[in-house]
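Naming follows writing order (A, B, C and D), and every chain is counted from residue 1.
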Amino acid sequence: MAEKTYLQAISDGLRQEMRRDKRVYVIGEDVGVYGGAFKVTHGFQEEFGPWRVIDAPLSETAIVGSCTGAAIMGMRPVAEMQFADFVSCAWDHLVTVAAKQRYRAGTAVPIVVRCPSGGGFSGGPFHSQNPESSFAHIPGLKVVCPATPEDAKGLLVTAIEDPNPVLYFEHKHLYRRIKADVPEDRYATPFGEARIHREGDDVTVVTWGAMVYTAAEAADKVESEGISTEIVDLRTIVPWDRKAVLASVEKTSKVIVLHEDTHTGGFGAEIAATIAEEAFEHLDAPVKRITAPDSPVPFSPPLEKAFIPQVEDVVAGLQEVAGY
Amino acid sequence: MAIAREAEPVGSLTEVKEFGLDREDLLGIYRHLLTTRGIEERGHILYKQGKIPGSFYTGRGNEAAAVGVATAMGPDDVGTPLHRDMGVHIVRGVEPWRIFAQYMGRADGPTKGKDGNVHMADDRLGLIAMVSHLPAMLPVAVGCALAFRIREEKRVAVGWFGEGASARGDTHEAMNMAAVRRLPVVFVCDNNQWAYSTPTHLEYACEHVADRAKAYGFEGVVVDGTDVLAVHREAKRAIEKAREGGGPTLVECLTLRMEGHAVHDDAFYVPKEMFEEWAKRDPLESYRSWLRENADFTDEEEDEIRAEVKKLLNDAIKRADESPLPEVSTLLDGVFATPEDLDTPHHK
Amino acid sequence: MAEKTYLQAISDGLRQEMRRDKRVYVIGEDVGVYGGAFKVTHGFQEEFGPWRVIDAPLSETAIVGSCTGAAIMGMRPVAEMQFADFVSCAWDHLVTVAAKQRYRAGTAVPIVVRCPSGGGFSGGPFHSQNPESSFAHIPGLKVVCPATPEDAKGLLVTAIEDPNPVLYFEHKHLYRRIKADVPEDRYATPFGEARIHREGDDVTVVTWGAMVYTAAEAADKVESEGISTEIVDLRTIVPWDRKAVLASVEKTSKVIVLHEDTHTGGFGAEIAATIAEEAFEHLDAPVKRITAPDSPVPFSPPLEKAFIPQVEDVVAGLQEVAGY
Amino acid sequence: MAIAREAEPVGSLTEVKEFGLDREDLLGIYRHLLTTRGIEERGHILYKQGKIPGSFYTGRGNEAAAVGVATAMGPDDVGTPLHRDMGVHIVRGVEPWRIFAQYMGRADGPTKGKDGNVHMADDRLGLIAMVSHLPAMLPVAVGCALAFRIREEKRVAVGWFGEGASARGDTHEAMNMAAVRRLPVVFVCDNNQWAYSTPTHLEYACEHVADRAKAYGFEGVVVDGTDVLAVHREAKRAIEKAREGGGPTLVECLTLRMEGHAVHDDAFYVPKEMFEEWAKRDPLESYRSWLRENADFTDEEEDEIRAEVKKLLNDAIKRADESPLPEVSTLLDGVFATPEDLDTPHHK
């Protein structure tokens, strides 16, 4: 096991799959010669050649749409969006064709769309979004949001193996900031199984992606006040691990759902609604959501900081819920 | 001023033989045309009888375009036909009873009642089911071609679109990517001169849709879509060119949509003279005349084929009608694919 | 006041606005000569000419995107999607440009996109969808779902007046089935004010669109069993009337959220989560969601019937919740 | 083989006078070019000093293309310039200090800190702020033109896009709708030969982006984008043609992006010789030479303009730096527009 950044784990996982399985190829803007805007595919074109690491024209619909065709012909495409924000340009293809083809016509569409998502570095309204909730609402799509280097690799492997279209959201703010041990061997991290990032007894925080670390910092802070926090990292949003969430809620009776995406209709609403419906008898406090507010992601640092949930916000939330 | 090449009509049997069709093939084409029209005519009747839920669309007037292209495809080629392209399904071998079952929302339709109309395909026959959103299947066809190119297989993908759908961004992204990568794909435009009620001059301002091809960097050709042999010849050229690494071609088949957009539409907005003019160029009738004049097509042969098709369709409707409606328990089947779904010839 | 169908109310409302305000124009596929796929703009081109009733090419991005430009230049465009399902082709424009332009750049985008939505007539996966939840998650868009002819007209007027992009979902199954009195004069029905469709004491049903009628039929059925149902018709989803919903929940203590869209991440989740958060102390039963299941809309009648929430489903839900 | 017209370089002062520029205008253009480059050079320094959050983009090499087009626009014309088109904002009269404030995320930037970089515009000056998604503003420009057409105003909209963005569906839908309706819009392609690291032959397979125009049914022209007067002339022709009801034109300005895609990118993938060759054609230097050779441009005049621009920029940076960061309380301001937002000249 070697220590790797989150980014390196994705890169290594992808390379390993491409070595193992000739059907896997990568397509996207600037993924070849340049190695991708974030260098995830750095050196790939040298190794795999220009027909397995394809520099595509600036056309997200053709990139993702062509993946669907190639997948049906037996390939295992991995598309890269330069930023998750640009997946909006492939929205119609994903929800209309890729998501529904298996249900309607029996044709599986095993594609992966890698989406570098999230804010925290003044990327502004179009380089900071977290569009996972939008896709989570569309039946037929799977949605993955790894938080750790180990999961980043293992979930990517599972995404490539999965016979369905998978939106793989890799959080840009974790790319180089988060390092941890990652097994060298191939392994597939199952979808739909949450990870307990931290055990605790008083309040459950359900979250994913970069917010796992925000929650952890907040948990550290409130620990001295005697609040014991359990952090459930969902890892995948579709499918999501209701069982693990409900089990944790049963234990703590108090829960916060935390995400970086905006509030109204964010996936936190689904989780909160489910908890309220299925753990009604166990709850000792209302399910609290801590999310970004309902606005585009602002550019200027003070505004962006106010927009993205901060450690202080979670601390306040934990105190409030624990004290309910 | 046109940029695209305008294709000549097909001449004699000799010419036809040169591009590889023998007499058996020629009769086969006639059978396909009859079956195609027959299925849609019967479907129309079933619809009026209340046996088909939802709406109902036909490709009347487009049979030759669909059959002409499909007969030019090789067995390992693939395609994404649309709502006027029933002939493609027929040529590729979908059993008519399954199409009627599809129309009627039965369990034995290719989509098992999950989708309706000609929103279907049998992927084992190299076809991929269309979605409503036009022309969302073009990028998919390009992706098939990309797979062939990556694996260096000598296979070709054919992607269909209407002249109306030519206005959408998907058309552009698909053609451009195919051009840049010189992918083995043939784009077939069913130009039936109307997009629902919208005439061509409100969809595009060049002379032919095929004029676009050159501006992407490949060849465009316009062909009389009522002339099944001319269509076949142009499609064959384009497909074989693609197969040999020559990149994409845009083949535009000019026809008239001989009915309304769908059953509910009486096409009041189409000038009567237009219908009259194009009625004279009925693709089946034209081809029948050609066969008689050029290939010694006899009354007996014709009667035999007609009888055969009639029986096929009668049996098909009967069998389809015996197919049950889908069980409610199947409602959520297949929202997500399972690994077994990848156990198909094409997925490997 | 004259009795009008829901469709006639939309048509008349739109015509009235076009007569009143020269800045209002209509653009869409087949809206001119044909009068629109559902004939909402029947006769409009004769009255207003081809430059105010514009037969557009088959290009949703150009249709909606051009509305944004024209709106910024002072027009008041009303785009028609032939079916709500096709608005997926304008998704990128709506979420990227229209929704964010005011926040980012101070430029208001007063456009209306009419989306004939909903199932119930074997339209299949692409002519039956209810995509309102997807848009409700995007800050900067307003989302309207009238249930009655009177509201259909009044909310359309407000939509055209509103300085923001408005998605106006008109339910196809109501078009000719629902008739009621509609005032002849111009009136604007405010956004964000729910309508109590039926008063009751035992269970609240929060819903909108065609489901209002499903709820009403179910309410009739359970009345004899002594269950008194209050039906809150939200009328608009963004903004939505939390106050009215919370007031009703405070009264009944039991609530069902009912919608025709699919379950996971549907707007019902937002409502349920909000109720669970803000009316926690008032709830005597978990908030129940009755929705379509997570699949595309199937074509065949028995499947479609099983997919769309039926009166029986709501009856069962009311009995369950009332008996909790 | 090119389909589009390839424009001649501009010759003498006489020719320039013929298309309406007097000496004052010519000096104004020089001032605009200098200001444009100066702002971006200063921005680059500010970025390195850590005063600009996020990333940073410039239009080095594209100054003449931007200024040439913008100076051809009438006061009531509107446009949707992109990230290489700082010159357009300058010509239209945005105050440089507000641009620096924008770069630095300050409250007085045109977006008040809500957006960054050149993602801004002052709509009172007839410009509409770009989004990142390329080329999402083209349909918007077409919509402006549609409004002008509906109201029968003699105004023109100008929509910019890069050669990379030419591959996207939005380009197609916008151009096609403009063509079908012969709308008063001019499409300007900043063809700087690279889309991030992607060379033109991976973005399109025709010779020129402008070749597309004909296939939509309007005129395309390619012009040397380093020649501000040639750009101006072609833009003027296109704009006046559009104004008179002649429909759209696509003007392609050929340049080289003289820096990386953004500050973090060293452009290792661009051949050195390419940079060397194009460095000889620096738009500011070329224009300065032209002025000297054709318009008796004196040292004094040049010094005066340079000093003026220098002062302008120094003052601007100072003033921008005094602008506060936005108050956190403004975070949710303007998510929704209010009726007062429609109280602008253009919204009426």
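General observations
Quick note on the criterion: a residue touches a chain if its C-beta (ideal position, glycine included) is under 8 Å from a C-beta of that chain, and two chains touch if they have at least 3 such contacts.
As the structure is a prediction and not an experimental result, all values here were calculated from the model.
In terms of the distance between Cα centroids, chain D is separated most widely from B. The interface with the greater number of C-beta contacts, when C-D is set against A-D, is C-D. Spacing of chain C relative to chain D, judged by their CA centroids, is 41 angstrom.
Chain B and chain C have Cα centroids separated by 37 Å. We define each chain's centre as the mean of its Cα atoms; on that basis chain B and chain D are separated by 45 Å. Residues of chain D found to touch two or more other chains are 111, 114-115, 119, 131-133, 167-170, 173, 176-177, 180, 202-204, 335.
Within chain C, contacts with two or more other chains are made by residues 56-57, 59, 61-62, 85, 88-89, 92, 96, 100, 103-104, 125-126, 139-140, 294-296.
Residue ranges on chain B touching chain D, taken from their complex, read 3, 167-173, 176-177, 179-180, 182, 201-206, 211-212, 214-218. By the touch rule above, chain C contacts chain B in their complex via residues 29-30, 33-34, 37, 55-62, 82-83, 85-86, 88-89, 121-127, 293-296, 298-303, 305-307.
Note for the complex: chain B touches chain C at residues 53-55, 105-106, 111, 113-117, 119, 131-134, 164-165, 167-169, 195-198, 202-204, 269, 325-328, 330-332, 335.
Chain B meets chain A in the complex at residues 78, 110-112, 114-115, 119-121, 123, 128-129, 131-133, 136-151, 157, 169-170, 173-174, 176-177, 180-181, 334-339, 341-342, 346-348. On the side of chain C, the complex with chain A involves touching residues 85, 88-89, 91-92, 95-96, 99-100, 103-104, 125-126, 133-134, 136-140, 238, 262, 264-270, 272-278, 280, 283, 285-289, 294-296.
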